[in-house]
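The same subunit A turns up in both complexes below, where it pairs with subunit B and then with subunit C.
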Partner chain A sequence: MPNTKRRRLVATTVAVTLGATALAACGSSDDDSETESGPVSLTYWTWTPGMDKVVDLWNKGQGKEEQINVTVKKQASGDTLVTKILTAHKAGEAPDLVQAEYQALPTLVSNDALADISGDVGDAQSKFAEGVWQQTTLGTDAVYAVPQDIGPMMFYYREDLFKKYDLTVPTTWDEFAETARALKKKSPDTDLTTFSANDSGLFAGLAQQAGAQWWTTEGDKWKVGIDDAATQKVATFWGDLVAEGAIDNQPMYTPAWNKALNTGKQIAWVSAVWAPGTLTTAAPDTKGKWAMAPLPQWSESENVTGSWGGSSTGVTTDSEHKEAAAKFAAWLNTDGEALNALAKEGGIYPASTSAQLSGAFQTPPDYFSNQADFYTEAAEIAETTAPSAWGPNVNVAYTSFKDAFGAAAKNKSDFTDALKTMQDDTVADMKKQGFGVSE
Partner chain B sequence: MSSLAVRKAAPAAGTTPGTAQGPPLRRRIALIPTITLLIGAIYCLLPVAWVAIAATKSGSELFSTFTFLPGSGFADNIRDLNAYRDGVYWKWMGNSALYAGVGALLSTVVSAFSGYALAIYRFRGREAIFNVLLAGVLMPPVILAIPQYLLLAEANLTDSYLSVLLPLILSPYGVYLSRIYATAAVPADVVEAGRMDGASEWRIFTRVALPMMVPGLVTVFLFQFVAVWNNFLLPYIMLSDDEKFPITLGLYTLLEQGANTPALYTLVITGALIAVVPLVALFLVIQRFWSLDLLSGAVKS
Partner chain C sequence: MTSARRKSYGVKGAPYAFLLPATVLFLLFFALPIGYALWLSFRKVRVSGLGLGSGARTEVWAGLENYTDALTDSELVDGALRVLGYGCIVIPVMLGLALLFALMLDSDKVRLAPFTRLAIFLPYAIPGVVAALLWGFLYLPDVSPFYFVLDKLGLPQPDLLDGGPLYLALSNIAVWGGTGFNMIVIYTSLQAIPAEVYEAAKLDGATPVQIALKVKIPMVAPSLVLTFFFSIIATLQVFSEPTTLKPLTNSVNTSWSPLMKVYQDAFGKGDIYAAAAQAVIIAFVTLVLSFGFLRAANRRTRQEAAR
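Let's turn to the complex of A and B:
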């Protein structure tokens, strides 16, 4: 029966077609074994806008001399990029260079995705404040990245409305609370600011300012201190303000929040050095009416700030040209010309101390043209940044923060309970991942 | 006065009893479904209207003016979108069209072959294959993205157009739909008649069965096209070169530019609006193929 044969043939065809995608994937594996001499080409995953133009400077200058060519592959920032890097690393296909936020470094290092480049970055360390550099070493002798930009925290306020409501700029958190209450009395519809349970990075920065050390190591074990005294102090402070209604409890970065800033319904913002960019889009009508001051302190004698945001350039363990990649990373973040271009094209605030007062930073940002010494003051504040202590599962802690504090802010309930939840979630996840955690 | 008389006279004439009552009654019954559908339509269209109106607003108007008040920046937004990194947006559109067009076409072809074979031929393991496919339908493609990435990395195919196209070729849902449709639309008698006339299996498939399956295949194509057009995670994992990004990924990079750079909301909103246009056009053009359904009967049952 020819028909049966044909039918069988068709049946086999179906089976083959179904398996085609799987088969196509089972080709030969990698066979690239370039020699170390000769021209080197590197790929770089970054989200900084205009990075291709900055890299062009390298490719046409020093990179050309040393035959190191860098290609930028623009990515979206955030936690998902960390996942993407780790997935690529699992397949051995991670790019040579990656941009990574400071809090992501322990995650990348504990997955063995970032290489130790301490031998290849020269005297880069001398260009950075100690608290900034320490974030890239994770407290070891190794160096896992070169700092690129930082986000020292500051206090932003509507200068004109502070005058109108007869308020003084708070220098301590106690004064901050008094200012919030005084404003509520004078204008019940106006809020000093809001506590945003969406922005884990802001809360982490505030805790950092208070002296919190969320992740530390003890021998070969991790110690999680999210529920420590310093953070409890911060949580209680904001929780009380929300509970008594002295400040708003709605999240930031929403259309409603933009409107509140733009119309003077909220007249201050605890933010970081990059705030001018955000305010330009969020509150375009209030340009020139804002001013910046140091973050309020926990006691009169102190002068510290936390950081919110900031990122670094790391070299992956998958790179076959780690030395060349490290050389580029050091150039990108310490060379004057490169940093000028980064500030101009990418709008970053450089981690390198020498660049904080040069080039683009000699004049205030357009939005703050009324505050001539904006960047001089910013550089002074940046110097006071408290050391931070990130761990291998910051993303889990951040997610837990959003859930627990989101509910607490909405219900105006106890923030310390939410903090406890955040601590427990983080410890549980670390144990699940197989990290040793000391109680 | 006279109209009243006419209305009274009509039932009395006995031609259409109940006419006077009929229409209002039917209207009352249709009221609830109509309202439900209207609510559904508003629910679906409101976000689209928001995007359409927000796309006309300039950066300073976006969050400060009334939500449904059209702004004055549409032309500027389009110009900015065009100018952004030398028009990379249109490159993303082209990539999306390529992934969705070629991907949907290939997957429709594979679905047609497989669905027809599963429906018409009886062979060992047919049900087993079909059951595996059914399981595949239930499996969200999202969880396959990372294993697929690792497989393609073995073949050195990541960060290429192929890496996005290959995993799309086999769509379990497409095969499933094709089989169901072939079972219903291609009667065994027709296939048997073709064999009696001495036609080869290939000829029966291409000349007889395929035309009958067209409405079903159009549906498969459309579903696949929309699914690929909206796909995010697979290209996100596979691609690192933003010149190869589809529109979904491209717009995402405009949103997530890092903490110190504000998101380019106006560009993203305008870009999202323009990205919907090809989908709407496709539906309007291809929709008419669905009506072929009515013509495709061939055997009297």
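Let's turn to the complex of A and C:
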């Protein structure tokens, strides 16, 4: 279901604390202080649906006054776009503006593809939660992108069926496991949910909630913590549920998954704020029967969530009009009118905190018309997003996840072995490339 | 070309002038990209420290490193073995069916021949990705009408997207899509056999089955060789079917076939150097296998002709 990926928003707080010394080199060495004169034409690579309509607002309004015209070039989402940007950058032909998921920013920055726009985005920083903004600075003084959308994670469930099977909404992961088992006892053909190995972002978000820091730096070296205690806890939890048959092990976003959600064969989904869009197409018959609650916690005293998806707008080092491009990026992601249009045309959940409760977000999504305070609660949950820690080869770790956890879910084997494989693959790739890696 | 040149080289230069456009296009869009892929396959990226900053990544000479990595990579070898197993099912079944259908269509007794021919050929006109999606839906127990019927009849419902049956499921898509094309190739060459040959066989008292086995099949041997040749190449390059089924099941991983591994390394991991080396290896193996087969087939035909 590609539209899910498109809708992936994000969230968070990054704690990628990259060595500031190492960054000094790529920091603000680009001369972007050139003053613009005459009409400027910019190209923007994005996968957000309806972006051309949002850009029209700029081209007819502020852009017309400042003689900055932006052209949208629609792209495929996620990792394929990263590769395309890097390839174009190699030829010195990258577009002025690009959309990039937060976890791709270190990869783009390490390839010197994104420009530091700290001097050109005005007071944009004040519009975002600190953790969200930090993801675009990679913990330095530079600013490599302006946050666009976020995807705080939540728990979605069939309200009517929870009542029917006499289940309570789990607030901790222990209760979640009990709920899954209780449901299996009452209705053996029904699953609470599935463990899907085909979207690594979900697992990354769950690990993030548990406190995992997959990539950190120690001086001149990276430390990969995929196989850390927090992630092991998450892997064991889901592995046990799959092994004992308390939940399903089939991938999501398949016709079978759609049917399971639509017919009440699966009655809950751990997802993110963009879930209403996915459910609308996957389970159209159950509209109004779902409800959203905060993600279950690892202990009762905690209140924290992870993020799944989300993206930002960056300016490339190849752009000849960085100042104009940065101005547009700031407008797109902070201007009230622009964000309203983005929500309406692109269905995104804005990273800008002030936009999370205005305009389109004053009323619940159509699919959740039964839950009047959907977006009020969503905004509260978004505030509790744990920091994320991305590194320069997230793509390798994600691929390894799909293969290793896909096999483990299929065979109902030990998930911690799969996690070890993921860690080893990631470290081996970094070493092969020559990154400094501490054991 | 100046008029002076045309005068002096006149006729001599003409063939070269005619060849020029093709040569330029060949060099530009065929030889050059292959050369660049070869060049890339001997390179790699060297990162220093944290890999951040403009000077942290440099492209360096890798020698044969990418090749040794690829050849010792168990994923690539496993993928090759999977494709071998897949090919052992697809090629005999597909060509067997194509030959059978072609012979049946060519017999005098067949009715509705044009319609049947079109019906068998039609799946070939459906793009591979669409065919794989279509079959993927039919393989998924929860949405497949076949499973519904099996369920109602109380019959066992095999999981087609796992283990051994997965090979059958994938082969089925290829056979469904490819049989028609191969049938047309064989059928066309059957049509080209002069009628006197059949007449002679009939006068000698040959039955239709004997005619098919002893006359028709040997006479269409060259097109069988051709279809076999195409099928080997298509099998080694299998990509879209497993890629399309991948999201539907945990059993197909990102490097199921060698070409998927190339794609994954180039566009998933961003390592175009390793991907280039693997692509070169796959191209080389394809060349060796397909031309090896052609040579062997030609030698046999020559021997038979000499006999």
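As a working rule, the second predicted complex is superposed on the first by the 403 of 439 C-alpha atoms of A that agree within 3 Å, B and C clash if a C-alpha of one lies under 4 Å from a C-alpha of the other, contacts with A are read in each partner's own complex, and residues count from 1 in each chain.
In this section, contacts are C-beta pairs under 8 Å (C-beta built on N, C-alpha and C of every residue); 3 or more make two chains touch, one makes a residue touch a chain.
Fair warning: this is a prediction, and the values are worked out from it, not measured in the lab.
Student: For A:Pro255, decide between first (touching subunit B), second (touching subunit C), both and neither.
Tutor: After superposition on chain A, A:Pro255 lies in contact with both partners, subunit B and subunit C.
Student: Please work out whether A:Thr399 is in contact with subunit B alone, subunit C alone, both, or neither, and reply first, second, both or neither.
Tutor: Second partner only, subunit C.
Student: Check the residue A:Gly78 against both partner chains and state whether it touches subunit B (first), subunit C (second), both, or neither.
Tutor: Once the two structures are laid over each other on A, A:Gly78 reaches subunit B alone.
Student: On the A-aligned overlay, A:Ala407 touches which partner chain: subunit B = first, subunit C = second, or both, or neither?
Tutor: Touch partner of A:Ala407: subunit C, not subunit B.
Student: On subunit A, which partner's contacts cover more residues, subunit B's or subunit C's?
Tutor: Ranking subunit B and subunit C by residues of subunit A touched puts B first.
Student: In the superposed arrangement, which partner chain does A:Asn111 touch: subunit B (first), subunit C (second), both, or neither?
Tutor: Once the two structures are laid over each other on A, A:Asn111 reaches subunit C alone.
Student: Answer with first, second, both or neither: which of subunit B and subunit C does A:Trp47 touch in the superposed model?
Tutor: The answer is first: A:Trp47 touches subunit B but not subunit C.
Student: I'd like to know which partner A:Asp285 touches here: subunit B for first, subunit C for second, both or neither.
Tutor: In the superposed model, A:Asp285 contacts subunit B only, not subunit C.
Student: Identify the partner contact of A:Gly436: answer first if only subunit B is touched, second if only subunit C is, both if each is, neither if none is.
Tutor: After superposing on A, A:Gly436 lies in contact with subunit C but is clear of subunit B.
Student: Contact-wise, after the overlay, does A:Trp274 reach subunit B, subunit C, both or neither (first, second, both, neither)?
Tutor: first
Student: Which subunit A residues contact subunit B in one complex and subunit C in the other?
Tutor: The answer is residues 18, 22, 24-26, 29, 80, 255, 259 of subunit A.
Student: For subunit B, which residues are in contact with subunit A within the complex?
Tutor: Checking each residue of subunit B against subunit A gives 59-60, 63-64, 110, 113-114, 117-118, 121-126, 129, 133, 146, 148-158, 166-167, 169-170, 175, 195, 201, 236-237, 240-242, 249, 252-253, 255-263, 265.
Student: How about subunit C: which of its residues touch subunit A in the complex?
Tutor: Against subunit A, subunit C makes touches at 45-57, 136-137, 140-143, 162, 247-251, 253-255, 264, 266-270.
Student: Would you mind writing out the residues of subunit A in touch with subunit C in their complex?
Tutor: Going by the criterion above, the answer is residues 18-19, 22-26, 29, 79-80, 82-83, 86, 106-107, 109-112, 197-198, 217, 220-222, 249-251, 253-256, 259-260, 265, 392-393, 395-396, 398-399, 402-403, 406-407, 409-410, 429, 433-436.
Student: Would you tell me which residues of subunit A are touching subunit B in their complex?
Tutor: Listed in rising order, the residues are 3, 6-8, 10-11, 13-15, 17-18, 20-22, 24-30, 43, 45, 47-49, 73-78, 80, 84, 87-88, 90-93, 95, 149, 151, 201, 255, 258-259, 262-263, 272-274, 277-278, 280-282, 284-285, 308-311, 346-349.
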